[in-house]
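Quick heads-up: structures coming right below.
Note that chain A is present in both complexes that follow, paired respectively with chain B and with chain C.
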Partner chain A sequence: MSEPILRVENLHKHFGGLKAVNGVSFQVAPGEILGILGPNGAGKTVCFNMISGVYKPTAGKIVFDGQRTDGLPPHRLAALGLGRTFQIVKPFASLTVLENVLVARGIANYGRFGRIWGPWRSKDQVRAAMEVLDKVGLADLAGRKAGLLPLGNLRRLEIARALVVGRKLILLDESFSGLRHAEITRLEDLIRAIRQMGITVLLIEHNLRVSMKLCDRIVVLEHGRKIAEGKPEQIQSDLRVIEAYLGRKRRNNAAGG
Partner chain B sequence: MHLFIEQLLNGIAMGSIYALVTLGLALVYGILRILHVAHAAIYTVGAYVGLAVFKFTGSLWLGFGGAMVFCSVLGVAIERLVYYPLLKYPPYVPLIGSIAVMLGIEELCRLVAGPYILTFPARLPFAAVHLGSVTISSTLMAVYAITALVLAVLWYITSRTEMGLAMRATSQDMAIADAMGINSHQVVSATFVLGSSIAAVAGVLVGIYYNQVYPTMGAVPAYKTLALIVVGGMGSVPGAVIASLLLGVAETLLIGYAQIPLPRDALAFIAMIAVLMWRSEGLLGSK
Partner chain C sequence: MSGYLITIATIIVINAIVVCGLNVIVGYAGQISLGHAAFFGIGAYSAALLATKAGLSFWAALPLVVTISSVVGLLLGLPSLRVKDDFLAITTIGINFIVEAVFLYIPFFGGALGIGGIPRICLFGLRLKGFSFFLLCLAFLVLVMTACWWFTRCWAGLACFALREDEEAAASVGISPVRFKLLAFVAGTAMAGLGGALYAHYMRFISASDFSFPVSITLLSMLVLGGMGKLWAPLLGAVILGALPEIFRPLVEYRILFYTAILLLMIRFQPSGLLGDESLARKVLAKVVPGGGR
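So, the complex of A and B:
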């Protein structure tokens, strides 16, 4: 394994007495699609929020692209090339689709107070934003108000924004949930295309079939701990994973039947 | 007819001044969802600082500039020291903090400058305009011109600069704006700089307009602008401007024509209650 793009070491996040994430470690190799799986409340989104800087870890270490990043605020991580989507889609509803992407395009400038007073609608900016929209298949909707898009397109818009920010790594938080079958297939193709662009993908997914097909490796969390890690076929046959997902009784039935 | 036009012109001037104070409040509400009551105290401080700089240097423009700088610093200080630490609590907590700050600043003005009404003996260097038999005085012209300039600059910033885009994004969702690489805390501070410097302009302008500067000059504007951002539609900047202009005109015309034995401010609030009964979400608000 080459130098990992992201390394998470013994990560803890406690909310009062609740240990939402309790000693999780994993690594993501450049160009990999790594899936994080687990039942509700397993701590997947909390992990995402720590990696993207929303939460400060209670303990543990996060190294992104060779730099220690735990405790950095989200806008600093974004500037380092980490983009993310949110489980509940949150477009800037009153801005157009194009403007939503342009907000993210301003990233080179937002970090500095003095440089943000310039105009933003330059031709280059708009062209670059349109290229990204083209990649996710939203180019023809660029002028629409984002609040009017249906869910499938909103997820694409979220990914477009994340792509602009995430030059190196993007985190996708349940991008497939609530989508129809045809949309799922298109989104799978999009995520593979993103990997082709040289961007590493870390995704949280509930849909087992999708993650088995899409991911190179999978990390399974339960109750804030990592219970399995490996290639999809290894995960599929891992007893602890089956137990976590289907419950003990079903496993016994399956074993007996 | 003649009288009517003059009343109308006065009403628009009144409304322009309301708009200048309300703008800051609408901007802050839009981005932090806090009712920034202390904004009116910033406006009072603006009038005092403008007057002091004017007396010291003899230059009205330095007075405006000094007031804007001082109020920007004050606004950001209030945001960083009072609102930001209180953001995690329910909205009434920062609101109470804001009221406390407002009273504190008022008392501070009284202690420093004395409880008297000071005069603001400046003349605004604008030419009076004659249109037929109607004369627009130089003071009115100054109010119109300065308000128009402020609105134009604000429009330019919010719709044409990256800062404006970042402000609009941050006001919709701070967490997402952060994930997009926007330092949202800086954007919030920039919003306070904008709102507070506009309030400073309004304070100086009102000081000259009425030739009065006194510690509680912010009290009535505080209530009125709060009502105005509700009437305009919470957090809507265009709504706040329209509501302010309408109120200024309505107030002046009601005083001039309707034989209602009520003071001006009572009429203003009656007008606003009427609007809210008709459109509870405000003029440009969404339900």
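So, the complex of A and C:
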């Protein structure tokens, strides 16, 4: 494995007595799609929020692109090239779809006081933003208010923003939840296309079938601990994973077996 | 123009400058402020003190006044921007009462007697009063509105819009919430300070009650009426709420009731204000003038 783009070591997050994440370690290699899987309350989103800077880990180490990043705030991580989406979509509702992407394009300017005074509606910026919208299939809706879009398109809009910011890695937080079947298929195609661009993806997924199809490798969490890691085929046949999802087989219930 | 009309017009323009500052904080960055009169007052008091006690001219004092207002804005903004929404509203009300009390009870600020004897502004050897002072205020309004217009078109403004819409999402695309909220707060309070300086040199006598909490409500009413986040809203709101009480002079006792009613009616029927995107005024305008709805 080449130098990982993201390395998480022995990560802990405790909320009072609740150990939401309890000693999780994994690595993401450049160019791969790594899925984090697990039943509800397994600690996936908490893990994600620590990686993207929303939570500060109780203990442990996060190394992103060769730099310790645990405890850095979200906007600093974004500046380092980490883009993310949200499980509950967060569009800039009263701005247009195009403006939503332009906000993300400002990533190159927000950090320097001298550069925040430049105009954002320039031709170059709009063209670059339209290219991104084209990639996610929202170019037709560029002038529409983001707050008026249906969920599937909002998920694409968040992916567009994440693509602009996430030069090195993008985190997708349950992008498939709440979508209809046809939308799921189209979103799968989009994520495959993103992989084709050579962008590294870390995704949280609840839906087993989707993640089996998309991911190169999968890490399974349960009760804040990693219970399995490997290729989708390996995960599918892992007994502990099956138990976590379907429950333990009741051995004494012979009549039913 | 008669002196009466000029007086009303001058006050309207000064109010519009102050409301422009409020628009940056509330309309652009989405940080509710119910204490904007405090910063209006800080500008007025620092201009008055620099003129009467330090003997500085308006022009020499102006950079200091704007700096003082924005530095105080920064200091008061730092703790208050750590709270959100309703809590921010309450905090800014508190700031308004504290600042008013400081003006009222500390002898240095003139106490209950206020500060009088503030000199007129001189420009090119001319002492500005009446119409010429109105023109000066108008020139400052143009300056402030140009600054606001530019703010909506630069990255800093876009970052503030994003913060207004969703703070967490804004942070995820590299916008530091604290930094850009403070920027909006500093810019907004600087404009309030400028308005205050003009007010002090126009009235030539100021007292703490000129900058009390009801004034903050009036300023916010102007903004809400015009349409939060719209460039022309402060001027439109200041004109309407500045002119109506004069037209309905006999009802002056009921002014606050009237403002409250306007605020409630706007929130119920036209939450985005007269200039808002979906507003009635725009729909009518779009029908009368083709393309006028833009």
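Methods note: the second predicted complex is superposed on the first by the 248 of 257 C-alpha atoms of A that agree within 3 Å, B and C clash if a C-alpha of one lies under 4 Å from a C-alpha of the other, contacts with A are read in each partner's own complex, and residues count from 1 in each chain.
In the analysis below, a residue touches a chain if its C-beta (ideal position, glycine included) is under 8 Å from a C-beta of that chain, and two chains touch if they have at least 3 such contacts.
As the structure is a prediction and not an experimental result, all values here were calculated from the model.
**Student:** In the superposition on chain A, see if there is space for chain B and chain C together, and answer fit or clash.
**Tutor:** With chain A aligned, chain B runs into chain C, so clash.
**Student:** Have a look at where A:Val54 lands relative to chain B and chain C in the superposition and call it first, second, both or neither.
**Tutor:** A:Val54: touches chain B and chain C.
**Student:** Could you pull out which residues of chain A sit against chain B in one structure and against chain C in the other?
**Tutor:** Dual-contact residues (chain A): 52, 54, 73-75, 78-79, 83-84, 86, 90, 92-95, 99, 102-104, 106-107, 109-111, 116-121, 161-162, 165.
**Student:** For chain A, which residues count as touching chain C in their complex?
**Tutor:** Per the stated touch rule, the residues are 52, 54, 73-75, 78-79, 83-84, 86, 90-95, 99, 102-104, 106-107, 109-111, 115-121, 161-162, 164-165.
**Student:** Mind listing the chain B positions that touch chain A in their complex?
**Tutor:** Residues 157, 160-166, 168-169, 172-173, 175-184, 186, 190 of chain B touch chain A in their complex.
**Student:** Going by the contact rule at the top, pick out the chain C residues touching chain A in the complex.
**Tutor:** 150, 153-159, 161-162, 165-166, 168-177, 180, 277
**Student:** Sort out for me which residues of chain A touch chain B in the complex.
**Tutor:** Per the stated touch rule, the residues are 52-54, 73-75, 78-79, 83-84, 86, 90, 92-95, 99, 102-104, 106-107, 109-111, 113, 116-121, 161-162, 165.
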